[in-house]
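Two complexes come next, and they have one chain in common, chain A, joined by chain B in the first and chain C in the second.
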Partner chain A sequence: MAGRVLRRFGAALATLLAASILVWVMLMAAPTDPVEGILRARGILEPDPYQVAAMRTELGLDDPPVLRYLRWLAAWFHGDFGVSWKSGRPVAEEIAQRLPATALLTGVSMLMAVVASVLLGVTAASCHRRAWDTVVRVITLALVIVPSFLFGLLVLNTVVLRLKWGRVVADGTWLTVWWPALTLACGAIGYWSRVLRASVLEALSAPYLLVSRARGASLTRQVFVHALPNALPPWLTIVALGAAGLLGGAPIVEAVFTWPGVGAYTVQAISAGDAPVVLFYTMVAITTFIVVSLLTDVLVTVLDPRLRTPTAVAS
Partner chain B sequence: MTPPAVQVEDLCVTYPNGHRGAIGVTFAVDEGESVALVGESGCGKTTTLRSIQGLLGARTRITGTIRIADVDVDVLTLRPRERHLLTARRLGYVSQDPYGAYDPLRTVGHHVREPLLIQGRRPDAADLTAQLTAVGIPEAATRLGQHPHQWSGGMLQRATIVAGTQLSPLVTLADEPTSALDADLADNVLSTLRARSRAVLFVTHDLALAAAHADRILVMHEGRIVEEGTAATVLRQPRHDQTRLLLAASIRAPRLVRTPPRTPTVASASGVTKRYRSGTGTLTAVQPADLSIHAGEIVGVVGPSGSGKSTLLRMVSGMEPPDSGTLTWNGQASAGPTPGSVMPISQDPLSSLDPRWPLWRSITEPLTVTRRLGKAERIRLAREALTQVGIGHLDPLARPRQLSVGQAQRVAIARALIARPALIVADEPTASLDVRTAQAMMALLRDLADRHGVAQFIVSHDVALLGTIADRLLTMTDGHLDAAADPRAHADAPRQEPS
Partner chain C sequence: MSAMTTDAAPAERGSHAGLVHRLLHHRGFVTGLVGVLILLTVALVGPLLVGDPDLTRFTQQLTPPSAAFPLGTDSAGRDVMARTVYGARVSLLAALVVFAITTTLGIGVGVTAALAGGRIDAFLCRCCDVMLGLPSLVMALAIVGALGPGLINLVVAMSITGWAGLAKLCRTLALDCRHRGDVIAARMAGVSPARIAVGHILPSVLIYGLISATLGLGETVLGLAGMSFLGLGVQPPTAEWGSMLNASRIDLAVAPWLLIGPGLGLVLVVTSVTLISDALRDCADLKELS
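After this line comes the complex of A and B, so read on.
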């Protein structure tokens, strides 16, 4: 067991390393010169060549790429995440200011998506081939197809502007989180409930449920004692992957609802070529993803006894 | 006169696709009786059982009456929920595949307790342990906390019987309760079933098994009951053709034991062993084994499940290297046989064929390893190969889903044969076939050995069936290969029950 955990940890570190290299390569290959953007952001609209050269030296842009990468890596290991080129303030501080809002948004939308998809998926599977099943299938299909920004604009227009339920400018607190979170959760609700429905249906057709039915087990018992637990492992894996999707979808929804989160801030940083910010955000996102999938693996192992006790099958 | 425990009258079942599973089925099971429902696969025996138990889909149309002794209503007129509550207490159910009957995430104990829990009773742990011990489960108390994958099939099926008879039902219904078990275990499991039940109605395709464990036998054919009588009468004076066919299938004349012929050796093993790492230590699957197979010869290996016979087969076919010892193919020691010289036939024929490929593509695939062939040529070769295995009427452009299991296994044999192999290895080639199809398949394999001189190495747990075609039968127990003892030589001697 300890060996397995260590291996997983090693794999996680390798993933982080590989991702950082990938992001670096992409930043290097970007056609824009970050220096001009940064100078402009600092109020120097028409910099002279001397200023540009000084800035390049300051940022270490003239050094060979490998050296720059290794220097960045070494700094990271010492807990120095760098300074935003644009604002001149420490990246960690800038992100930390905006992260709670994003965490709230993705956390709430994750919760919404899980609860809604379990409700829809399980009830649809229990009413297989009846009206409710069809209704759920149509709704979830619509949720999967409609892109989240479109849904967000729709919500803003009708619900917030016309019906005046909620505020146009969100302030990043509990009071205003609901509509943005629902917008972000939409796609996931559609996808996850469809997966869970199929998974529960498959479990319901297993021979052990025939036995259970013969014993007079109620539908509730069949679904909650046998089918749902068996349907969970594949669904949890999808949810873990989808959690990353929520994180990725956050910038769009944040932009639509002017949510003061880290997503919109990162989008600006990317267009300005602000490497330290982009790198920090990517690393945080990947780490979250790795942690979530690690937790899912542990959870799946807890759920399925066959994964806990390795047995050799001979003959 | 007391009413019968279960009475079925004029039962007709029509599936949503229009198939009629049962037509005018009428019979009764009396208190204390054991009744066998016998027939080929697809004859409607499982349909009948499931309609009594109320396990058919909501869109299946069922007519007729089904009465249970102490309730004076036709259960078919009840709503599903009421009906399940009513029948669950009076009818026990034992399913076919012991592993399939268990929720893999729950403990065996949960499964055994479930009938009581559903009825709102509190299970008594000591009582359950005692019941399991009584049917021969060692260390029942600790084993109840284990999961199904940690149990053997035979033990699971006995626990299923304990679970199915928990509420001492009027009748225990069992659907092919032993088809997934070795012959020795099957006897034992059916005896347990009989001993624990007030009355038994069991479905089987094996007439011999039915005769040994039933008072009365009902023979079904194409949805109807075609013959009914006491076990002795049905066996001694069969009136219907179908019964005679089933009877013929259950009598197997063993082939005479032969000494190895003077043909060249196609494969031989000396001192090969294999070990597996398991959770706690190593498990020796095959102890040092010696073996040689000659051209045109069928060598069978029999033994209980888990005895290492499949592992031996994989080593002889070159699919798995031995841990020690040497293997030679065509007299040359090498790391593996030359491609195409050893061809496998698998246990589950349908899953051994790619469902998206037409037959010609699957059949001629072995030929494309060494040379390029045009589609027309491949279809022609496939047609020839199909004729050789007795299904020349099949269209080579058909896809596997259009075939019956028996036809699919013939296609798999055609595919193995087309490469002109020196040796065919087959692991339980008849396990998923019903008795008569299985016999036809064995006859085909014998024919191929005689006509084409293909040596065959066949593993099976069905001693009697394999005995009808094998030149030599080797026994395997706990990893020991016993080449000297041919089980056919002392078939009358009592057999030891494998643990």
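After this line comes the complex of A and C, so read on.
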């Protein structure tokens, strides 16, 4: 098991490194020259060649790309994430103010999605072919189909504006996080509960459950003691993959509710061509995703004894 | 699909004809197909029936739905019905282009990796693993950040991020094909590797590749609309559903009807695509593949 975990850790590091090269080349080695834009943003409208040259040296633009990449990587390890081309302030400072709001939104949303989809998926599977099963299937299909921003706008329109059940101004705190988090969680709830339902149903039809039923085990025991532990590991892998959807969906939900998070700020940076900000956001999101999938993989290995056997390691 | 069936190797024709038959008797598939046909009709014929989507009328801003404007007007007095119909063209075309590029890339890379083997295979597999290990919407965001906002750049970004899963699947499919009777027989008869690849392996990979590519189509539509909603895709004043929904945000309190057209359009697209891909999964027995 240790070997499997170690190898998985190595693969995660390699992916992170490859991703950093990919994203860095895309954003920082682009042919567009940022210097004039930066100078304009700092109030120098008609820069003379000396100012341009000074700025190029300051940013290290004249060095070979490999050196620039390595320097960026080294700075990254020292906690120096570069300077915004637009505002001239350190990226980390700009982002740090907004990161807690996004972390709160994604975290609450992830929690909501896991709890709701376990509830919906397990209850639907235990009521297979009965009314509740059908209700859950219709609800989850609807959740998969309706885009998050449309759902968010409908929530804003009916719940917040007409029924006055929440506040229009999202301030990035616990008080206002619920509707945005639910909006972000929607698609995940739909997809995850569908997968878990199918997974539990499959486990319920396994021979060992026939034995358990023959022994007279209650439905609760069948589901929670026998079916669920077997259905969970593959489902957890899906959940980890779905975390990518939450990270990618966060900017959209932030835009709907004017949530003061990193995503909305990054979207502005994209429109303004502020590459260091986009680079930082992308790397944070990618790192989060890779860590989540790594932890899930380790968890699945711990939960599923079959993955611990030497044959599984060899495959 | 029917053209694909006739192209397939004779030995496989029976099962693929059976697939078409099963699909046409699948309620979800037929419903989805009707939805797609309605959307295509709206996108192709609709613009002939409605007025100018960009015509601003400053005396008729934010009017509720009426006989003249069935879906009302927006804050610039533009006909929402006309914009929805024209928006269908943009949204569907972008989704189809992304679908075509990712499918071609996925099948191409997968089959190349399987047939080339060795270092090329290992390299392409690593590329796929890296792409699959990254959150695709975030990557799309980064690519748009590098290229700048715009519809074409968005299509490029969505295409680059969407092919890896399909490539891995097609690689597995092509590897399985190499040990099939007709392929071994062809190789023993001295048929060139290129002809074996095009004549024997590609046709059978193509069917399953296309089917599993369809499974991701709904996600593509949602991704494109989401990025346009963020203002990173189609630039104003061009009508597109995602950007129309974003524009409606400001006037939501006084003009909720702005949501009807683009919202229903998006829901119809994703519903149809989801129904079709679910049906394909049921009928083609892709369980062991995906």
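The rule is short, and it goes like this: the second predicted complex is superposed on the first by the 262 of 315 C-alpha atoms of A that agree within 3 Å, B and C clash if a C-alpha of one lies under 4 Å from a C-alpha of the other, contacts with A are read in each partner's own complex, and residues count from 1 in each chain.
Here is the rule we use: contacts are C-beta pairs under 8 Å (C-beta built on N, C-alpha and C of every residue); 3 or more make two chains touch, one makes a residue touch a chain.
Model, not experiment: these values are computed from the prediction.
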First (chain B), second (chain C), both or neither touched by A:206: first
Touching partner for A:103 - first (chain B), second (chain C), both, neither: neither
A:144 touches, of chain B and chain C: first, second, both or neither? second
Comparing the two partners chain B and chain C, which touches a greater set of residues in chain A: C
Partner chain in contact with A:119 - chain B first, chain C second, else both or neither: neither
Chain B versus chain C as contact partner of A:226, first or second or both or neither: first
Chain B versus chain C as contact partner of A:305, first or second or both or neither: first
First, second, both or neither for A:256, with chain B first and chain C second: second
Chain B versus chain C as contact partner of A:215, first or second or both or neither: first
Touched partner set for A:156, first chain B, second chain C, both or neither: second
List of chain C residues in touch with chain A within their complex: 126, 129-130, 133-146, 148-149, 218, 222, 225-226, 229-232, 242, 245-246, 248-249, 252-253, 256, 259, 263, 266-267, 270-271, 274
Chain B-facing residues of chain A, complex: 206-208, 210-218, 221, 225-226, 229-230, 303-306, 309-312, 314-315
Interface residues, chain B side, partner chain A - complex: 53-55, 81, 84-85, 87-89, 91, 93, 95-97, 100-106, 111, 114-115, 118-119, 147, 149-150, 160, 276-279, 283, 285, 305-311
Contact footprint of chain C on chain A as seen in their complex: 11-12, 15, 18-19, 22-23, 26-27, 30, 141, 144-150, 153-154, 156-157, 161, 187, 243-245, 247-249, 251-252, 255-256, 266-267, 269-271, 273, 275, 278-279, 281-282, 285-286, 289-290, 293
